[in-house]
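Below are two complexes that have chain A in common, paired first with chain B and then with chain C.
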Partner chain A sequence: MFSLLRKERMWRSHDLRRRYDVVIVGAGVHGLSTAYHLGQLHGVRSVALLDRGYLGGGNSGRNTAILRSNYRTPEGIPFYDASVKLYEQMSEELGWNVMFSQCGHLTLAHSDAGIVGLRVRAENNQLMGVDSRLIDLGEIRRLVPGMDLSDRARYPILAALYHPPGGVIRHDAVVWGYARACDRMGIEIHTDTEVTGIRRNGRKIESVVTNRGEIATETVLNCTAGWATTISDMVSVPLPIVSYPLQACVTQPLKPFLHHVIVSATLHVYVNQTDKGELVIGAEIDPYQSYNMRATLPTLEQMATYTLELFPQLHAIRVLRQWGGICDMTPDFAPIIGCAEEVDRFYMNVGWGTYGFKAAPAAGKFTAEMIATGSTPGIIAPFTPARFRAGKLLGEKAAAAVSH
Partner chain B sequence: MRRVVVVGAGPAGMAAAVCAAEGGRQVTLIDDNPEPGGQIWRGETEGAWFERLQRVRVARLPSARVVTGDPDARALTVELPDRTVTVTWDDLILATGARERFLPFPGWTLPGVLGAGGIQALVKSGLDVRGKRVLVAGTGPLLLAVAALLRSRGANVLGVAEQASGASLRKFAFSLPWRKLWQGFELRRGIRYWTSCWVESAEGRDRVERVRLHGRGVVECDYVAVGYGLVPNTELAQILRGAGTLVGECNGVGGVEKSLIEGQIAGHAAAGNAAGAARLQPELDRARKFAASLDKAFALRPELRHLAQAETLVCRCESVTHGDLKEFGSWREAKLYGRCGMGPCQGRVCGPAAEFLYGWQPSSVRPPVLPARVGSLLGEQHE
Partner chain C sequence: MSFQLRCPQCGPRSVYEFRFGGEVRQRPLPDAAQEEWYRYVHTKKNQAGEQMEWWFHRSGCRQWLQAVRNTISNEVKRTWFPDEDNE
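For the complex of A and B:
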């Protein structure tokens, strides 16, 4: 099967051209999605995607691949809903199986306050047409019979927000599918190409300097995570971003017993079982800022502890691998999408915190529209970088398992 | 008092623990087996080093797996059968040994096809080979030791197939001191020994029934023990980012004598006995020279790269075949697109094979060093 997959190269390598209409820094899922939509919807194909590492080696390949749209705010919900809908069509659109399993997503409440918070989310979701509702213990038991629903737990489960369209996807397949589609349109992907500087003349960008040479361009999109501020600093655009490691681990495969994504914001853990049977477990963000992607023991202990609170029967299964990625957190936990105020045609699609992978199709689609047409679509207008100066922060707090 | 922690209780680890303890250090000796001795002295209890280990005060943590470690905190996380403990060190000595290199050939995953060291360990822990027809194959001096052990336990050893050429071995033999040469002759006595010979394939319905030997046709057998030399276990050292002193096979495969000398040197050094360590330097130089000559004499021949067929498994955890892997350009690609090395062994078996077959360098090691029970990771107690 793998050999079939490799018979045709999914994307080619190229020499750097001297000039591109658009240079995208970061060839993760956001950069790829933006490039794909630029080419597909707007006919912009003189695009170079630059990545300092290998394709999909950043957060695109390090997340726990959970998709959902049961957010909290009127800005967040329609945006993530659009993204999930694009994911639903993706296999057909790209002619490439991205293995999206809409198995359903449960966010657990362990306290009265937790139930209230989930009720707000359920009401907001329903108002905006997203399938999401509060369910009681009886229904949780029916959906997830393997979970400890007793009142003996340290944090007994009281209710859950059930979001049937949520699920998991094969994150590498998404990256490869976009890369293949971009390549077919003549968009160039340059891996192992590190941006070392961006030259500008007043408000205008002149070129991007890389370890493989200089590229003339007037339009740059910063699509990085972990290095978002590094890239923006090259054009003296300050970003209110702090970076934290986020870790995950995977266990040995088990016979399928868990058919939903289970998330607990009280326990700061999220668990799903892959098609192969492994449990993928995600953690709370690390308690300190760092750019280090090293896996650490305290976080592994935390993941193990919280997983066993939900599934005590898993104590003897073995953890195979643990890894980390870097999350760029903004003050309001919503992303930054828009053009810099200080520089013409320096666009950003950054600051995704822990929500980035879910957002990629919609973020890329609307970012592409913004770059191609010069006007910002309404759905991403709230995410403008100008909001921090204007004091118009969003409130996407408490809409995830990691603490905010 | 400075605390010396030694990981691995094979010859190198035992020697390090003994010398550090004799020098007055507080020593903790961690090993994943119930008894010291490592792979080579498995099941043995007598000998100079066992006696010396008995005489000194060494805190032992047997049946213990080091799952990860933190060089900044100078701490190891150790999984015991019933709990997990944190062990902190002032001086750390890593004697994590080596594992066998398996090279894929058609049928290498059939039941009854074992590693040479693997069958040795099984026999020492009770596998009954009386009357069984066993073929030993691969490369290196270990094969003779395995054949001799099997014969002493009543197996019908059909022969030893050594891939190195006769010329290469003669050259090696001439370089040996008389004592070692005699040891070799003793082990070989009465055992058929074929040079430039290797297993091309193993066949059988539910388990191995016969193997095809290069140039020698088909041999019927009950077990095949195949080992293509040893690969140092460096994963813990990599996770610890250079903390600790490596001794023994994990510091370069070279046999028990080199391991003992390196272990003693590290033990003396940890005890502050620089003179004791320096005294062993000439012996160490000799042992390392011997190790280098071993490497040369038993270098793997290129023909072994072509044994695997398209459908032969290379990564048995994730069922990735040689045909799948030929399409990839690097270990990372093979992992990412083919899932090679993503299973329970985390590339410990297929990694060295892929290194030889395709010339790939494995990418970074991810914790845990060994798969760790979720229940072991709940919290820690200090030992």
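For the complex of A and C:
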């Protein structure tokens, strides 16, 4: 409580300098994590993080903060596992409590096909050392006694993928913790600074144009999530990204009754209860492409309907807030990390869609290594932007999308 | 309701009656360069602003139509059937 009254600032504002070694567009969790690792591990500190809004005003402040590593593919599993492990150390590393609660994560199956899909994930996870297993109704009942496990439900629950290290984190704390650490290393965070153009000469970048003036640099990193293509358009680099809204809501606080994160792809919904007692509920993406963040009634109705399928006893509770964010969806539900094929030193760490918060520590760490050393670490190599031209798409849809 | 589209056959209806079909794109000729096919198959304009796009009136006349919509405001400027004379 008293820490709220402290005098120390988390990060300071600065005048824009005329040049920086690296300009990062987008100060969400991915831009911040990359900047932090550039400074911390590679001594690259002439870095400007530019954001047109306030810090964490993009998806990094709008997500449901669920972390897990029980993905499906041999490319995805070790990457997300590395990220969750970095999150486990983060409070200590940053000297700042990010409130990571590894309460456990359950993905429900409502059909035989659903069970088969979860079994594949459990087997792949175990092979790669991730704690993840299929559990039956008896064990689900012991873990989540408040959920409707009867066979009267429209889509009765048959089994679940149980992932004990999964959980939730305080997303704002992660953003602020990284921002504070960046500031202490002399990395500059510039909010209310919109990138409006990027000048290039042939394959080389010359400068970044903003509403606060022009900055000379040879190296740009695009971390703008839902707005990724608006930035890559500035250097004529087309991307396989389409922006879709994703919405979530939070209810009034209730007595603690739910101690795990519950996800159902069949019901297009995920639910967890915060330490304050509120239920945080997320939906699937809206059914049309858009940059509009307004919350809508059909999505609220959908979240309510499906949450009541799982927890009918919640029929009379109130919704406190509902909001949306803009997600950068890729065709294979995997991110795009690498240097553009068409422009030198135009890097991107985008395509995080509906699932990128959990990935930030690892993505930032390895993106920083790529920018500082010029060679791509093997763990992020499969996410190269060149994979589409080469026809080497990844198969993460079943584990990354809530439905479909 | 989030917004409405005017189906040229059925009139103004909730967007939830339609299936979104993505941005309108020009299909390359069969013998076009591989680069052109790559761009057609994978990359997207993902326009922030007015774009021409496909919609299917799933819960109505079950016809494909085209619309001009502003992807920032969701305002729908125009709708028509693609085989109609486009003005």
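Just so we're on the same page, the second predicted complex is superposed on the first by the 396 of 404 C-alpha atoms of A that agree within 3 Å, B and C clash if a C-alpha of one lies under 4 Å from a C-alpha of the other, contacts with A are read in each partner's own complex, and residues count from 1 in each chain.
One rule holds for everything that comes next: contacts are C-beta pairs under 8 Å (C-beta built on N, C-alpha and C of every residue); 3 or more make two chains touch, one makes a residue touch a chain.
Everything quoted here is computed from the prediction, not taken from an experiment.
Asks: Looking at chain A, does chain C or chain B touch more of its residues?
Replies: Of chain B and chain C, the partner in contact with more residues of chain A is B.
Asks: Counting only touches as set out at the top, which of chain B and chain C does A:L308 meet: first, second, both, neither?
Replies: first
Asks: In the superposed arrangement, does A:W323 touch chain B (first), chain C (second), both or neither?
Replies: After superposition on chain A, A:W323 lies in contact with chain B alone.
Asks: Now for A:T251: first (chain B), second (chain C), both, or neither, which partner does it touch?
Replies: Only chain B is touched by A:T251; chain C is not.
Asks: Quick check on the superposed pair: does A:T107 touch chain B, chain C, both, or neither? Answer first, second, both or neither.
Replies: So A:T107 meets neither chain B nor chain C here.
Asks: After the superposition on A, what does A:V242 contact: first (chain B), second (chain C), both or neither?
Replies: Only chain C; A:V242 stays clear of chain B.
Asks: Kindly classify A:T229 by the partners it touches after superposition: chain B alone (first), chain C alone (second), both, or neither?
Replies: Touch status of A:T229: second partner only.
Asks: Now for A:L297: first (chain B), second (chain C), both, or neither, which partner does it touch?
Replies: The answer is both, since A:L297 touches chain B and chain C.
Asks: For chain A, which residues lie in the overlap of the chain B contacts and the chain C contacts?
Replies: In chain A, residues 296-297 are touched by chain B and also by chain C.
Asks: Which chain A residues qualify as touching chain C in the complex?
Replies: So the residues of chain A in touch with chain C come to 227, 229-230, 238-243, 286-292, 294, 296-299, 331, 388-389.
Asks: Mind listing the chain C positions that touch chain A in their complex?
Replies: The contact residues of chain C facing chain A are 1-2, 14-16, 19-20, 22-23, 38-39, 42-46, 48, 53, 71-74.
Asks: Which part of chain B faces chain A closely enough to touch in the complex?
Replies: Interface residues on the chain B side: 68, 70, 77, 320, 323-324, 326-328, 332, 336-338, 342-344, 346, 366-368, 371-380.
Asks: So in the complex, which bits of chain A are touching chain B?
Replies: 1-3, 5-7, 54, 56, 61, 172, 251-252, 295-297, 300-301, 303-305, 307-308, 314-323
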